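I have placed the structure first, in the form of structure tokens, so that the comments after it can refer back to it.
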Amino acid sequence: MSPEILILHGPNLNLLGQREPEVYGSLTLDDINERIQDHARERSVQVRIQQSNHEGVLIDALHIARNWAAGVIFNPGAYTHTSIALRDAISAIDLPVVEVHLSNIYAREPFRQHSLTAPACLGQISGFGWRSYTLGLDALLGYLGLLD
Amino acid sequence: MSPEILILHGPNLNLLGQREPEVYGSLTLDDINERIQDHARERSVQVRIQQSNHEGVLIDALHIARNWAAGVIFNPGAYTHTSIALRDAISAIDLPVVEVHLSNIYAREPFRQHSLTAPACLGQISGFGWRSYTLGLDALLGYLGLLD
Amino acid sequence: MSPEILILHGPNLNLLGQREPEVYGSLTLDDINERIQDHARERSVQVRIQQSNHEGVLIDALHIARNWAAGVIFNPGAYTHTSIALRDAISAIDLPVVEVHLSNIYAREPFRQHSLTAPACLGQISGFGWRSYTLGLDALLGYLGLLD
Amino acid sequence: MSPEILILHGPNLNLLGQREPEVYGSLTLDDINERIQDHARERSVQVRIQQSNHEGVLIDALHIARNWAAGVIFNPGAYTHTSIALRDAISAIDLPVVEVHLSNIYAREPFRQHSLTAPACLGQISGFGWRSYTLGLDALLGYLGLLD
Amino acid sequence: MSPEILILHGPNLNLLGQREPEVYGSLTLDDINERIQDHARERSVQVRIQQSNHEGVLIDALHIARNWAAGVIFNPGAYTHTSIALRDAISAIDLPVVEVHLSNIYAREPFRQHSLTAPACLGQISGFGWRSYTLGLDALLGYLGLLD
Amino acid sequence: MSPEILILHGPNLNLLGQREPEVYGSLTLDDINERIQDHARERSVQVRIQQSNHEGVLIDALHIARNWAAGVIFNPGAYTHTSIALRDAISAIDLPVVEVHLSNIYAREPFRQHSLTAPACLGQISGFGWRSYTLGLDALLGYLGLLD
Amino acid sequence: MSPEILILHGPNLNLLGQREPEVYGSLTLDDINERIQDHARERSVQVRIQQSNHEGVLIDALHIARNWAAGVIFNPGAYTHTSIALRDAISAIDLPVVEVHLSNIYAREPFRQHSLTAPACLGQISGFGWRSYTLGLDALLGYLGLLD
Amino acid sequence: MSPEILILHGPNLNLLGQREPEVYGSLTLDDINERIQDHARERSVQVRIQQSNHEGVLIDALHIARNWAAGVIFNPGAYTHTSIALRDAISAIDLPVVEVHLSNIYAREPFRQHSLTAPACLGQISGFGWRSYTLGLDALLGYLGLLD
Amino acid sequence: MSPEILILHGPNLNLLGQREPEVYGSLTLDDINERIQDHARERSVQVRIQQSNHEGVLIDALHIARNWAAGVIFNPGAYTHTSIALRDAISAIDLPVVEVHLSNIYAREPFRQHSLTAPACLGQISGFGWRSYTLGLDALLGYLGLLD
Amino acid sequence: MSPEILILHGPNLNLLGQREPEVYGSLTLDDINERIQDHARERSVQVRIQQSNHEGVLIDALHIARNWAAGVIFNPGAYTHTSIALRDAISAIDLPVVEVHLSNIYAREPFRQHSLTAPACLGQISGFGWRSYTLGLDALLGYLGLLD
Amino acid sequence: MSPEILILHGPNLNLLGQREPEVYGSLTLDDINERIQDHARERSVQVRIQQSNHEGVLIDALHIARNWAAGVIFNPGAYTHTSIALRDAISAIDLPVVEVHLSNIYAREPFRQHSLTAPACLGQISGFGWRSYTLGLDALLGYLGLLD
Amino acid sequence: MSPEILILHGPNLNLLGQREPEVYGSLTLDDINERIQDHARERSVQVRIQQSNHEGVLIDALHIARNWAAGVIFNPGAYTHTSIALRDAISAIDLPVVEVHLSNIYAREPFRQHSLTAPACLGQISGFGWRSYTLGLDALLGYLGLLD
């Protein structure tokens, strides 16, 4: 049976395409989700996609994923830089989590150049637009031994 | 048709009047809302007022305001100093936002003297009690060209 | 009539027993709650227990406690280190709050060694596993003059 | 008899309109003063306006205002960020002082994001161009109980 | 045979009751010691109590306790914030040590908000007046399996 | 004609497999290079691989790549954290550069958690062992429009 | 012939007695000057007294003192903490300068606890009200060998 | 009856005259004590002089002074910069304490430019060699109303 | 007609030759001005020279130069390190300004190693004694296209 | 015989003209070298010019210059901000070295605003494009007494 | 006559062998002293060995050594990082002092990586277990010209 | 067969004897190497000596030493304070490395008081001139069990 992966989008990502397109590109979240779905199909994995602006909802989603997911692709958005609670949630669940960012966080304001959540993740991919997600999916599958 | 403005109150402001009156004054939030309503009526604008202790609910409210509001008066309360996600939400919506504070944040603890949200706002008004809101409304209307 | 106390558990504590047992021990939250209940019965007080991963829900719970509780035992989890909003909520309600931690926060990562919420509390108890809660209950009752 | 208010402009504001118009707008100081005068007339108050590039002259002006003014609207310009002497002058005179800034100081260089003078003031208004002054006048009159 | 516990009081605690009663309460050290003795008798343990203003004497006392004590309740006073030597002494002896403070160290000056000694202790209890000691005794006995 | 890519390995990477295998894995640099070659063949691109422990040689290699390469996959090793000269070299050449790291730099010592070179790169991939290189190759090809 | 000493008062000291009397006492500057004059007469020295709120005027006064004074008693007020130019003026003139403060600068806000000017002075006397000046005069005369 | 004053010398001051005379002068501690005695006789007060290299002994001496002294002249030496315990001892005893230093601490290494003990003292006199003590005595007597 | 240049000397430079000659050399300001005049004559430009110890006077001088000067050679002295107001004045006037220093500011105290004014200048020349001014003149003329 | 001067260019300067022309201008290094040669001929001095991207090669070049050169014009590029080894090399050779920069380092990123190498140099010239080199040559010749 | 050397052991070293053997090794202080004695005999010097947990006693011991010792081997233990008083004592006595540490202080917690005492010593030897003492003895004898 | 040791000298050490003799002594590197050779012969070990100003060459030398050396004596010079790449090289090779310095790095500029390389070494010896090398050799041989 094909493995299932959680794709988790953090705060303000629901506005993609409208929000500061010079930073985040002109694709909407639906456009990106479609590309993730296409890529997942090629890799024969199933993905469930969720977005929330609420830190608590994101924590809950990670907790619940323990019961069904083989791993997580997570874009914590602005919570990357402020949430120890999300970092603890990632450590608490025993799943591999790949942190992804659309933009290159190093090329932005100083307060966006450090990640509180990444130390609890498998690794981080930052700066490649929507491809950060599909590269993250490959990274996760490679780690799980599911990429030939 | 008269413009509509979102008045958004952040965490703990629902306790106004009871909470540390030596810092925040003895008016309740209802008292303040009434004065805002009076002031709005004088200016012939309509206001919708919302309060939440939840960062995510505040982000959602800002997102939704894109569809109906001409601008926002926002008191982010303690989230002023910790929330990059709210700052991003303000940047993401294409509305003028005026940050207001009841107390003079410069005359308080060091961790209250910097604002993470203000750089994404039009400006900030701090220290004039309930009048911070009505001054904020005038500032917003002035910016929108609606103040003669 | 016996006094009522709020026992408030913060983010990720619902995973206790499964989450990093080398740090947090192998008891589940239910196990701990049972011991708190036993201890409360011995002390002839009533406790209501609540857990949430949502900062806003925790703020709401503190606000509501003003109407029924004599005091609060609060483990803010990771929000200890990041939430000024919770600190304000503790100051805003006029109840004695005791901050408790399962692990010794001083023996952990630097970012866990400072508490933003403790200055608004009566005191802090950290490092004694589930007993941090029952010691906290005794501390609170002592403060309320309910411990002989 | 109508109250008198000191409007005090700090260093480099005499060049307004010529100096970096993309930051400070294209109005000259005379244009702004005229609008302040208009606004004061509407509010039935009298204003005396003074500008100086000299920190000592600004201190002297504040001292002298003790003898005639009911309050001060003060834009300390660059001295906002460096002058403890001006802060002391504001504390020393027993008059309400409102700090105003044309531009949003939070949206500028880090060294402009903190104010040494604001803790001694009633409050601060920043980011609304020339309207920062008229909003400041309303804030001051409100505080003095002279705004209906 | 009943276990023996060292109660160790650090610098300036001999002046309790006279020294800044608004911070430390009006009980003298003798009053507090009596309450500790009472509490210990209830718990059927024996305590030896020692106070010194000398960092070296406190280190020696900890070293000697290795030969007779089952654990230590230690209020390092101001040395909490400056003494790596005491921290090393706590690590060097193989005894459980509970750090206690009369006042809530988080609610005081910044330089009192960090503890150099706590990382070497079992845990810390801070803010409950003389009860910090009796709570500390319960915490220690709980850890030693001597509390039913 | 198929595009050519420079794979550039920084200091100490020649010791891979022997050096701290618990951090960097047990593959040698030759093993990794082989996998990169395999992956490149699948993608129908050509790669030239170079390793040096000399900051200057790495700068020269980047300069020369301007004449022949379509892009660069660069693991700057320890120079990531100290070399402004390499950052300048990346900015100076007009080629897309993807920064890669074998280990998750966020999960290591504090001085390894910031990158001086990444702001000049397209993006960064960190924490996936040898796959960081092949993911980086895909990221680069995606950016160049060479990945279907 | 009796030596002449410059007594130099910095910014805001002209308001003494009216300004924050809980910090600076209730004596006016004239009262203090009278006591300095009395003390000087007892010591058979002549003093010239000058006050200015202008940093530049204070620098000029120090420069001019090179031509007539045997030494300086200087209370730089708020310029103590911000003026490198005054420090340079003190170094530039070849006269012994004693820095004095009415209040204990160590017991005030952190930004008042360091002196930029003191390193260029003979020494500093802080915290003894108007006596800081007469003690300073004695210190200066002692240094000049004019105190038996 | 004439008041009694404690003169307390801190660590390494017993070596005066031999220790780094270019910094501390060539007088021995006995020479200085003699001058203090002379000065006290002129002022009709009695002094008791004590020196110790032990922080604990200095704390004890301050505590004991509560029973007999009218005030203290204290040179805490290097403990000035490191001892919160001595600061607490000064606060704990209800006596006026004047901090004195032979050398100008502002003109020395950065770590000697701040005083942990001074905030608890009446004031500080620094930089006048042995006269710092006699000036301190006058300052103390002035404060006690014993100087005409 | 030959261009006119403002030579502006900041605080304490009037004492040159007498002030700390081991740092600033033994030439007086008149000597230096003469050499600048000679150099200007050789270059067929006219210079007007002004010195002031007053920050405000220096700001005024820069403002006025807008009406007659082609550029400015400015030695801000100690204001280099503390004056945002001078930096703003330089930005506000639309003239090229060259910052010069007699001594090498990098080889002095840490607080002299950063310049607040230089970012608003064309460039900075530091460390060549009086030649810093003539080199500065050449730099300015080169920029103005007046140096063949 | 005419003196010989080493012109030493640091990392990435070989790419001048192509590299970020908006920062560094459009001249190539050959263009600049030609202008330096012209200027040197006018001054009747001989220059040898060398460029390297290797920190070690630059150190060697400075060492070797001791045997033949009368002084050095050095643009350390990005090594300005990180290389203690180059600073030591400048100190170690007994030659006057003038540090030059094409761009105004104060007007760039914070990490470019401090120089580790300048304290060991005669002085620094920054911000005048290719003229920084010819001004540097004049500064050096002036220091050597070779400029009339 | 053979020279005499003081071997001075600081706080907690009396517990060696029992205290954290994974950090400090399993030798007792007596074992180490024996090896020092053996080594001293081979070098024909006499050593006197002293240990104390009291900062004051260590200061006294250094002072007394001025009367009889040719030099000191000093392991200040935890006081290395906190005691300016010990640093002053080392500077005050005119004896060469070699600082030694059993463990490599650079490979431990950040607060152990800096030494306050070493700047006053001849040099420091750290990380070689008991051999740090015998290497220190050789270093001292070499300095004294007593090692052939 | 006798063991072989690498003696590795870092940048600028080739200039010893000529370079700042007041800091580094008047011996040349050849003089020092001779003394190391003599000492090695006495200990019956063989040493190979290498010096380079190139960080990369030093990294290569450490890598190559894995194939022939029993250990390394390394003076990283100025790279001590900046090179993470050298630290990684020391960690990567499985050889004991002793870090040595001619001067006492704690008694020099602040930026020389921390070592990035020492945490990866066995230990550090600093401040004993050429003897730092021979002491380092003894420390290394002691560690290897080759010193009786």
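Letters are used for the chains, namely A, B, C, D, E, F, G, H, I, J, K and L, taken in the order the chains are written, and counting of residues starts over at 1 for each.
As a convention for this text, a residue touches a chain if its C-beta (ideal position, glycine included) is under 8 Å from a C-beta of that chain, and two chains touch if they have at least 3 such contacts.
Remember, predicted model here, so these are calculated numbers, not experimental data.
Between chain C and chain J, the least number of touching-chain steps is 3. Looking at chain D and chain K, not one chain touches each of them. Look at the contact of chain J with chain L and you find different residues on each copy: under half of the numbers used there are shared.
A repeat of the B-C interface exists among I-J, J-L or A-F. It is J-L, with more than half of its contact pairs matching by residue number. One simple way to say how far apart two chains are is to compare their mean CA positions; for chain C and chain H this gives 47 Å. Put simply, the C-alpha centre of chain G and that of chain H have 23 angstrom between them. Chain contacts: chain B has residues 54-57, 82 touching two or more partner chains. A list of each chain pair in contact follows: A-B, A-C, A-F, B-C, B-D, C-E, D-G, D-I, E-H, E-K, F-J, F-L, G-H, G-I, H-K, I-J, J-L, K-L.
Partner chain E is touched in their complex by these residues of chain K: 10-12, 14-15, 18-20, 52-57, 77-79, 81-82, 111-112. Interface of chain A with chain F (complex): residues 104, 106-107, 113-115, 118-128, 131-132, 135, 138-139, 142-143. Within the complex formed with chain E, the residues of chain H that make contact are 54-57, 59-60, 63, 82-85, 87-89, 91-94, 116.
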